[in-house]
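Labels A, B, C, D, E and F are assigned to the chains in the order they are written; within every chain, residues are numbered from 1.
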Amino acid sequence: MPLEWRLVEAIIERALEEDLGAGDWTTDSLIPENHRTQGTILAQAHGVLCGAEIAMRVFQRLEPAVEFPHALADGAPLAPDMPVLRVAGSTRAILKAERTALNFLQHLSGIATLTRQFVDAIAGTGAQIVDTRKTTPGLRLLEKYAVRVGGGRNHRIGLYDGILIKDNHLMALGGDIREAVQRARQSAHHLLAIEVECTTLEQVRQAIEAGADGILLDNMPLDLLREAVQLAKGRVRFIEASGGVNLQTVRAIAETGVDYISVGALTHSAPIVPMHLEL
Amino acid sequence: MPLEWRLVEAIIERALEEDLGAGDWTTDSLIPENHRTQGTILAQAHGVLCGAEIAMRVFQRLEPAVEFPHALADGAPLAPDMPVLRVAGSTRAILKAERTALNFLQHLSGIATLTRQFVDAIAGTGAQIVDTRKTTPGLRLLEKYAVRVGGGRNHRIGLYDGILIKDNHLMALGGDIREAVQRARQSAHHLLAIEVECTTLEQVRQAIEAGADGILLDNMPLDLLREAVQLAKGRVRFIEASGGVNLQTVRAIAETGVDYISVGALTHSAPIVPMHLEL
Amino acid sequence: MPLEWRLVEAIIERALEEDLGAGDWTTDSLIPENHRTQGTILAQAHGVLCGAEIAMRVFQRLEPAVEFPHALADGAPLAPDMPVLRVAGSTRAILKAERTALNFLQHLSGIATLTRQFVDAIAGTGAQIVDTRKTTPGLRLLEKYAVRVGGGRNHRIGLYDGILIKDNHLMALGGDIREAVQRARQSAHHLLAIEVECTTLEQVRQAIEAGADGILLDNMPLDLLREAVQLAKGRVRFIEASGGVNLQTVRAIAETGVDYISVGALTHSAPIVPMHLEL
Amino acid sequence: MPLEWRLVEAIIERALEEDLGAGDWTTDSLIPENHRTQGTILAQAHGVLCGAEIAMRVFQRLEPAVEFPHALADGAPLAPDMPVLRVAGSTRAILKAERTALNFLQHLSGIATLTRQFVDAIAGTGAQIVDTRKTTPGLRLLEKYAVRVGGGRNHRIGLYDGILIKDNHLMALGGDIREAVQRARQSAHHLLAIEVECTTLEQVRQAIEAGADGILLDNMPLDLLREAVQLAKGRVRFIEASGGVNLQTVRAIAETGVDYISVGALTHSAPIVPMHLEL
Amino acid sequence: MPLEWRLVEAIIERALEEDLGAGDWTTDSLIPENHRTQGTILAQAHGVLCGAEIAMRVFQRLEPAVEFPHALADGAPLAPDMPVLRVAGSTRAILKAERTALNFLQHLSGIATLTRQFVDAIAGTGAQIVDTRKTTPGLRLLEKYAVRVGGGRNHRIGLYDGILIKDNHLMALGGDIREAVQRARQSAHHLLAIEVECTTLEQVRQAIEAGADGILLDNMPLDLLREAVQLAKGRVRFIEASGGVNLQTVRAIAETGVDYISVGALTHSAPIVPMHLEL
Amino acid sequence: MPLEWRLVEAIIERALEEDLGAGDWTTDSLIPENHRTQGTILAQAHGVLCGAEIAMRVFQRLEPAVEFPHALADGAPLAPDMPVLRVAGSTRAILKAERTALNFLQHLSGIATLTRQFVDAIAGTGAQIVDTRKTTPGLRLLEKYAVRVGGGRNHRIGLYDGILIKDNHLMALGGDIREAVQRARQSAHHLLAIEVECTTLEQVRQAIEAGADGILLDNMPLDLLREAVQLAKGRVRFIEASGGVNLQTVRAIAETGVDYISVGALTHSAPIVPMHLEL
């Protein structure tokens, strides 16, 4: 799914607002209004690019007629000193937009890069890397887009577009999975799938019998995970694993036969890919 | 400076909006409206707490009458399994707010924790750790607050509340520092200080002569840095260093006698402090 | 699922805005500021009540301390001259809010009432009445709530929380259902179910083989509908019918064994339930 | 008065928002980004078109460069299978905008069509059909525009642009029409006319003597209505009738000599004019 | 008509926003969070108070629990050193709100004071002072409220709630007043009165014959004005004068027998009533 | 610093909104949709122009294709009957935008004109005229721009971009200037200068010793002011005077050797420069 630009404009606007406020005293004092220049954003590390079009819109917001003689596409591999985006136009506009454009690029490329590492680590296994709702407040749609750019897939976007019955729900209900699935089936609309978080084989069995569409195997040791997969394969539409996932453990988890592995770190702890702008 | 709550409400609102959207099908289907419970947010690692009051407001937004029998204050040290916040009220409200509250807590505590590490690393040197404008789009005010909670200080908030003449400004002007400082002094209002980014001793000399209030020594090797500090000490109001700063290098930089060390990583690459909510 | 009040406040605000604008010249000119009164909203026809709490919020928006000595709950049966809501407080506030409160009540009760008629018409058949996306612009969440109050169920809320492959999608793709389902399965997240609109038995067969979660049988004559149901029953999670549904035809459609019958008229053409306010 | 487009953009934006949310999974999964097509919106019943330009803006909001090889103008008569609007452009944009565009067109054409029926029913009588404040929350300006397109006229837009002294105002004041008119004349600005709702001849007399600009004869039997008109004609600037108005009764009411007949059903209970889009 | 508080909140919010921005560094650095104080706003000149309740809301916005041991009501006469409002609460909140509260008070009291001078100047003549649309952008509703507080009356609020046919309209139409009034009567709703701007007796005659509700005599010398009044008195509902109105000329204008005298200076050029806050 | 257009659009939008509301009944009733005309805004007094580009945007907001055959630039000297701006386009758009465009032009030109008078009055003294935070709520950025256009300079924009320790701050702290400056230096970021308001020589001495960047000499008699300047010159970066400043006193104040003279009247009490539009 592509970015919904309708929603991105407001995010860009707020980012510019918090940096520019009443105006950029330095640039407006120093640089004449009609001064024009060309700048290049350069990567300073290896990684996967994400946010090129967003960065372009940041510059355009301050000067609609700005031009981009060169631009890599999202998903492009990055290396140190590689030109990512070349921008030509009003010097004032370029300098005012610089930091905001870089903040988007570095953050989203960081997420795409980390995602790519997880995706590569399980290449050939048949499993897929998915994200979570552990995102930076206000940036969920962009961060989930960065996961897709990095080769991952999305989990549900929020609480509103999928049913995931978690331990806390079951605890509040006294642990009855059958009852939980039934209530969800009766209340939620029929285009939402129902997934049940399980930590024991007994729960897996109950979820299957209750008619869940999928199961989430949380924090299971590899042996148990394998057993759970064998129990559930073919009896639910999908099997997902989560918990204790890192670049060292992810391949072994994938090889148990799960369909999806969800990784919170993709969006909550990815370090940036450093970049800078040179005039 | 405390958080400006006027501005935080909208950030919380947007964070809830992107998670809740049209509603939480799982919770509303499973949990009866009048079901009440108590939950505890527990730290899962060492660190410095930041965001407790924000998390409380997230819960309150969904149930104004929710209660907090226990709450650590921002700045409190965290350790694994330490209870951070206890919340009692409508089960529906608690489960709907859980993820959003945790996303704020984990992210901001991550920043406060990393800041604290830098601050501790230079203890006793007289230098101070400051942040940058390399923040996550939309969260600058919160992230700069987290830096303060971690014992750091803020740099200017945006382009609108300080003059920092950087290499790109000088390049566009042909490199004339005297001219640049003069223009800034003529145009900008008199309550803004003027700082000049320098990479050579010659630039430091020019900045001092031009009457800059402070200088930013960027990416200088330690020897050069020391020389620059000796040249400028007492002749400008403040000296700041940046570039190549990490937990290994920061103390040596501080010992050169600079007043401030700015660290982009505080806000652009701090890993979260993991936490979870148990009912 | 209950109403998400977070989202309703803005709808109420806009409704008051378009009626009150710069102020109510008549009421403010005639009625002294401290004049207090009690008013009763009375139904003028039979029906199902929907919107009582919304109406209360409308009054409260203009006078937070207003009181409601009597209020029927949403879902209550209405009859001519039946008191729906009694409101006591500032006469100015009551008269200014009157029309907006009634506009919500009448419109939503109209939808709940029509829904109830469809629901009653298929009582005992095992099928359920669901709504569509044919709603009044700006009021979708309220109208879908009214359908639930009337005993119906919701279809997906929008394009973002379910996959429905329709004739126009297939046309653009050259009609290949297998390809369409596969693409949706690859791109969309795994918590969304996939439904395929079918008008022939051949399409039903293809949808089943493609692994659709459900099928929508659109505008099929009863005989064909019955055949399609027999073909699909047990091989997809759900079967839905649409097209040509009215109070005369709906029971026969339900008796074919479909799970859901979607009815656009519920939200696009329900006449209001008339009500008025008496002081 | 033409539509104020300044105000319509926000209504369109909200309508798209509630349908599209985070994105259209079906269309974006199935249809390639550069796929282009042409679609035609066809009427499925007789009626009066309203909303063509609004529908065009809905499509343009998702693809600014979309083209319209054919478009009927608002006010055009509709018949089954008549092409209303032809749209050519990105298939994705057309499919995403389809439902929202149709929802506006069907609803507003429904209002224009019902208005036209009332207008035709009183042709040649000298009376005019006007709307009321009984509109769908959030859509008042559009619905009042649809009434004009159908040949009707507007009553005041809201409480802020006209004085209408109603039964509830009089009740709160003890019934003194003279006092009420006087207060309104003293407080309200001089460019607002004052209309008084009357249900008896005595009230009509009082309103005339009090200097009302017009009277609203509410729910009067035909005989009484005729008497009231004779009493008031030439002594107030206008005479309006309301209450018990339907397509059977409206001509007789018009023939009593009233200037305006206000009809709530125009905006609160008009069934849609069905349309659909074919690729 | 009282202030519509619904609309004032946003104005207050914006005023605080432009003064406070990211926060008040001075106050937050110097004053401890729990420091409490009492402050008094004192008038520094004679005048008429306006804005007391608005000022209170400004303080409350920053500290809901702030108290007001003393407060004059809007309309109260002011004199040098007279206490207007006493506020007790958090020192931080009081100091942060001070300037914004004073800016409202001084500006609105300035308008109320100037209005009172005009009103007093025509005491006993039967004429009334009204405002215009020459208001400060963004503050029209507040400024029109200040005119009422000063004893004046409002003209129409904007272009949307009254018909005023001005010279530029007539020029575009070729000067035909009859045609202009007729078009307005046909298009505009019947609760709007029609006023025609006239500069000659011939125009006055035409306006009367065309059935205008009132006339605006613009920039007429006193003799001509008197003649026009005699021509129109009793044949239109109201007569208004404008142009060349100041405190020296206004009484003579009023004595010509006009009903309303509109004065742009009330809102576009009233000097403030100076006030300050003492702790 | 130029105007930040990002922020001006919303101000223009609100100004149009409060004037146009649901629409301009007069213009839309009288003027045919395709009628085109040309209008000229003429000054009616001497002054300094400010707001020309803003006025152009007001017209463009109602008709993007409107043309301006003639336009003076901000800062241009005005004289009676001088054409300021010529606008050609849709008559409807021009008449609807007229009042709002004029309200901006007259108000901002009034401020620029008064500023120019103060600036001229101190020509050759070395002092500069600066504004204050005593601005009209909602228009601060525009009014501070008008001061610049008139040849003045800005003081800080709000509480967020400068430290000014005032009498009320000192009173709350027990009057200790050293302590106050120290706290500000510790908490506020290093790019904000610190200014201390002083009314005695003793306070001036303390502020210098405390290391203030500048001092504000408030309401000092000329003798004392001269003494204070001599005491502080060269020991602080800047000296500002305020209080009792008018066109009669300002030159003598400037001749004491202060750097800045702040004048509240520039923005709170400037009479408009009258203008009107002729078709």
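Criterion: a residue touches a chain if its C-beta (ideal position, glycine included) is under 8 Å from a C-beta of that chain, and two chains touch if they have at least 3 such contacts.
Worth saying up front: this structure is predicted, and the values here are computed from it rather than measured.
Greatest Cα centroid separation from subunit E: this falls to A. Among the other chains, the CA centroid farthest from that of subunit D is the one of B. For the pair subunit A and subunit C, the distance between mean C-alpha positions equals 33 Å.
Spacing of subunit A relative to subunit D, judged by their CA centroids, is 46 angstrom.
Chain centres here are Cα means. That of subunit B falls 53 Å from that of subunit D.
Contact of a single residue of subunit A with at least two other chains is seen at positions 1, 20-23, 25, 28-29, 141, 157-158, 160-164, 187-189, 192. Residues 1-2, 4, 6-7, 141, 157-158, 161 of subunit D touch subunit F in their complex. Contact residues on subunit D toward subunit C in their complex (touch as defined above): 11-12, 14-15, 18-31, 35, 37, 39, 91, 95-96, 98-100, 102-104, 106-107, 110, 133-141, 157-166, 168-169, 171-173, 180, 183-184, 186-189, 192, 268-269, 271-272, 277-279. Within the complex formed with subunit F, the subunit B residues making contact are 1, 130, 153-157, 160-164, 187-193, 195, 213-214, 237-238, 240, 259-260. Considering their complex, residues 16-17, 20-23, 25, 28-29, 33, 61 of subunit B touch subunit C.
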